[in-house]
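Presented below are the structures under discussion, each in the form of structure tokens.
You will see two complexes here that share subunit A, one where it goes with subunit B and one where it goes with subunit C.
And then the complex of A and B:
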């Protein structure tokens, strides 16, 4: 019964969507001067129906309605309520419904908040957004309907993959989706602005908010996924260049570039076509991310089901949207305002352009590394993987000039500035950074020149940002975000050169010595929790007289039968001590891995700082 | 002569092209060095020559083949046609078990012996690395 409500509301959505496409198309053809009242009404109906259908599914999950096949496949009566709810989007069908919900919700918000904008622009944005919504609706209804019935009704569900039963992972997908889907509004709006010849500084300040929303949510979404992989998968690091991670990083690079270029468009009214190209690319990357993850091409924890028809659908739809965008772009080239602005080599514009170039470079590296294995497999059936060394080798050296320009960029004035005003403080910063870095790197066994340079320019950026906080003129959000980035770089670097690791196979009572530390495996206990049993290990680490106790867990879930291990991490502001253990076979030996990770917590904090800068900018704290 | 604007444009275009070429070169070069090929024990058995490059070997962990010492781990990867002995010291993932799918990354010593640097296993009970699946089906 309740399934029917969900399914029918989706059909109503489909109907509304087709209506809105026709309506907005006709309205834009007629150059209507006023927005028809029916737009508001129909958009509200669509939003309401999507919300209804989404909550129907949530309801089915909460009350374990196993007549619904999605619930049956992904839930269980014994699961805690929180994970019953998060189970709604912990599967393919439900996550797409969430996509749809955010799509319609954002369109509605866009419609309500864009009253000051050109009428035809608003209508065309609705048109493009509705095309995307229609595509997703067809996709959901015909390949991944979350409201299919199962008969006879089973008594018990199959359960949610236990490694997804985690607070960070319960909110990671919604945040990431808000980021991804936010780019759809940017896409629709830039196409609409292109057709209505309104790609200008007014449009820039209007669309900037949407870029900020997507960017903030995408950043925090990636962060949560990363934290989760750190403690739950026991990977013990923050980034692994796993294809699925890369797929979320690519739109992030693009959005970051867009976030910078839109500022130029807003202040100087240049970079029109570049901004539009970036908008189109960002959305295409978000869509292809969905395609790669959902189609089962990338095999990973995110792959819910391997159904080729789904992949083919998204790929076709993506191609259609990209072709449409390219077509519109080329036929409206002349619509860009012909305002030639004099620009000089030494100017804020150039520095932002440099930022964009670097972003495009990082993006291409990640794109090649992620797509090449897929490409090669299709061409000659060879199976390969591209590991971290590839990315490190190509990205890390370029960070040196990137950091340098990032330190200088915000100090340069718009339009024209002089190189000569290179003042004493800059030279002092550079020397100071170099000296500090030299002594840091001195006692480590890394590539001296390279690490020293990286450290030097990270510190240089850091000092420059700190220094800029004294000045009142420039904007707060930029300073906070750039401060976040400099701390991010420094903590990664410290983490990289000072991390220590040791792994061994141990039995209860064993004692191992390494790096002046002594690790004792004291005991192992069996305990039970609501929906799993656990083995709790007790370890004692003696680090030069400092004692740390660890209680890592191995959890054995029964529905579905899965073993997960929970790392025990003792975090301080200076370093993380990480211990995870796993069972190899039942002969008393446990595989124990200990890691010492300096400044780990600062990696997370710095990303939050970066996002906080975005939040400041969104609430216009700069303009006071 | 040419105006300043034209000169700046020309300079800009040359800059873009040179950096594009340079980057393509760098990327291709780096790809060549850092790509890791995946092979099944049978593929390795059929190799003409043992390469010194890093490879990945995938298959099932043979039943009763895991031997544990304090620092080292020794086991056999099988695709039910050929086998290869793997030694490893380090951390193993959660679901590394006898009779389950596994991928080992490391260097070949000879056709029957791999020194692994990294062990990867599937993320959940139902998941089998696609490489392993195919290797199984291929036999």
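And then the complex of A and C:
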């Protein structure tokens, strides 16, 4: 019964979608000054039907309705309620339904918040957005229907991947999706604006809010994924340059570039075509991300679907959308307003353009590293593995000039500024940063010129941002976000050069000494939880008289049978102490890994600060 | 006119990427570098250096000893640098050291071992480097510590140094 409700509401959505595409296409041809009331009604129906269908699935998960094949494959009666709910989007079918929900929800919000805009522009945005919605509906209904029946009804489900049973990971996908799907509005709106010749500063300030929403959610979504990897995967890192991580990073770079260029469009009415190109690229990258992750072309924990027909569908749909965008772009290129305004080399515009170049460079590095192995394998049947050294070598050196320009940029005025701006305080900052960095690097016996420079310019940015808080004229959100980035760089750098690690095989009662610390393995207990059994280790670390207790766990899940190691992390504002243990042999020995990671928590805080800057900008706090 | 060329270029580029990815979908999905803490793929088999016989990597792993897999090549200078550590490890400790010879010329690799000494209990040949990548290698040399559940519990990327050496010894002594 419940499956039917879900499935039929999706079919209604499909009809509404087809209707809206035809309707908006016709209205866009012979538009009158007022928008038809049926748009509001049909969009509401569509939104309601999607919500209904989504909550039907949530309901089926909560009440463990195993007549539904998605629930049967991904849930179990013993799962805690929270993970039953998060199980709804922890699988391929359900996650697509969530995509669809956000797509229709955003379109609805767009429609009600864009009343001041040009009528034809609104109708065309609905047209493009409905094309995307239709594509997803067809994909869901014909290749990944979450409402398929199973008969006879099984008594018990197959379970949810235990590694995904984690609070951070339960909310990581929805946040990331909001970010991804937000870019679809940017895409549709920029195509609509292109056709209606309204790519201008009014449009820029209207679409800027959507860019901010996507950017904030994407940033926080990536952050949560990264936090999860830090304590769940048990290796103490927070970014592994895994292809799946990279596909979320690529739209982020693009969106960050767009966020900056839209400011120029808004204030100076230049960079029209570049902004539109970025809008199209951002969405294409989000879609490609979905394709790469969901098609199984990359193998990873995120790969839910290994059915090639699904991959072919997303790929064809992606090709269609990208080609559509390219055609519209080239045929309407002449529509860009002819408002040539002279810009000078030393100006805010230039500094933002520099940001965009760097973003494009970082994006290309990640794109090459992620896509090249796939291409090489297809074309040449050769396999290569691109790992962290590739990304570090190509990205890290370029961070030095990037940080420098980031420190200077916000101080420069629009249109034209004087080079003399490099005044005494700047030189003092630079010297001060260099001296501090020099002593930091000196004391850590990694005497690289390179790390000194990275530290210098990170501090330089930090001092500049702090200094800018005194000035009243520049905007708050930019200062907060840039402060976040400088803290991000500094904490990564400190973390990188000051992290310590030790691993040893120990059994209960053992005691080891390293780096002036003493680690005692006190006890192991077996405990059981509702859906897993666990071995809890009890460790005591004596760090120069300071005692820290650790209780890392080894969890044995029964449905399906999986063993995971849960690290125990004691976080303070200054450092994280990270301890994880795993089974090696059956003779009572465990492999124990201890890590000391300075300023770890600041990496998370700094990303939140960056996002907070976006939130400030969204609520227009800086215009007061 | 110029814009037209760019247009055709972009469209053909996109279509080309489409076809490459389409072909990519049909490829067998064994391109998955094994990360730490995952079980070794039990289908990895390679030829032995001297006999040329095909051997499954998992068959070489011993239950009662610490297993180390070392990926090396005769053309790789850092491998020469870490070689004394490997020799020391195998002479002085009970350790099962398996060498994987990465993208190498067979004669050169045999000469390398006869000149510098052979620390390995077994040497397998990975002439095209595919199996090493499946194991998760990014480059040579790399050394993996494997437990009796066939899980990689530690990866040493790059040549072993004194710290790594002591780290391995501390694990063996227990």
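In the analysis below, the second predicted complex is superposed on the first by the 622 of 624 C-alpha atoms of A that agree within 3 Å, B and C clash if a C-alpha of one lies under 4 Å from a C-alpha of the other, contacts with A are read in each partner's own complex, and residues count from 1 in each chain.
Operating definition for what follows: a residue touches a chain if its C-beta (ideal position, glycine included) is under 8 Å from a C-beta of that chain, and two chains touch if they have at least 3 such contacts.
Please read all numbers here as calculations on a predicted model, not as lab measurements.
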item: Combined model on subunit A: subunit C and subunit B, fit or clash; value: clash
item: Subunit B versus subunit C as contact partner of A:18, first or second or both or neither; value: neither
item: Which of subunit B and subunit C A:565 touches, first, second, both or neither; value: both
item: Partner chain in contact with A:503 - subunit B first, subunit C second, else both or neither; value: both
item: Which of subunit B and subunit C A:364 touches, first, second, both or neither; value: first
item: Contacts of A:374 with subunit B and subunit C, given as first, second, both or neither; value: second
item: Partner chain in contact with A:311 - subunit B first, subunit C second, else both or neither; value: second
item: Touched partner set for A:387, first subunit B, second subunit C, both or neither; value: both
item: Shared contact residues on subunit A - subunit B and subunit C; value: 233-234, 299-300, 382-387, 389, 503-506, 565, 582, 584-585, 589, 591
item: Subunit A - residues contacting subunit C, complex; value: 233-235, 240, 291, 295-297, 299-300, 306, 308, 311-312, 315, 318-319, 322-323, 326, 330, 333, 373-375, 377-379, 382-389, 503-507, 565, 582-586, 589, 591
item: Touching residues on subunit B, where the partner in the complex is subunit A; value: 8, 19, 23, 26-27, 30-31, 33-38, 56, 66, 68-73, 89-98, 123-127, 129-131
item: Sites on subunit A touched by subunit B in the complex; value: 161, 163, 233-234, 236, 299-301, 345, 357, 361, 364-365, 368-369, 372, 382-387, 389-390, 393-394, 503-506, 510, 512, 560-565, 580, 582, 584-585, 587, 589, 591, 593
item: Interfacial residue positions of subunit C with respect to subunit A in the complex; value: 3, 6-7, 10-11, 14-15, 18, 20-27, 29, 31-33, 35-37, 128-130, 133, 136-139, 147-149, 153-154, 167, 170-171, 174
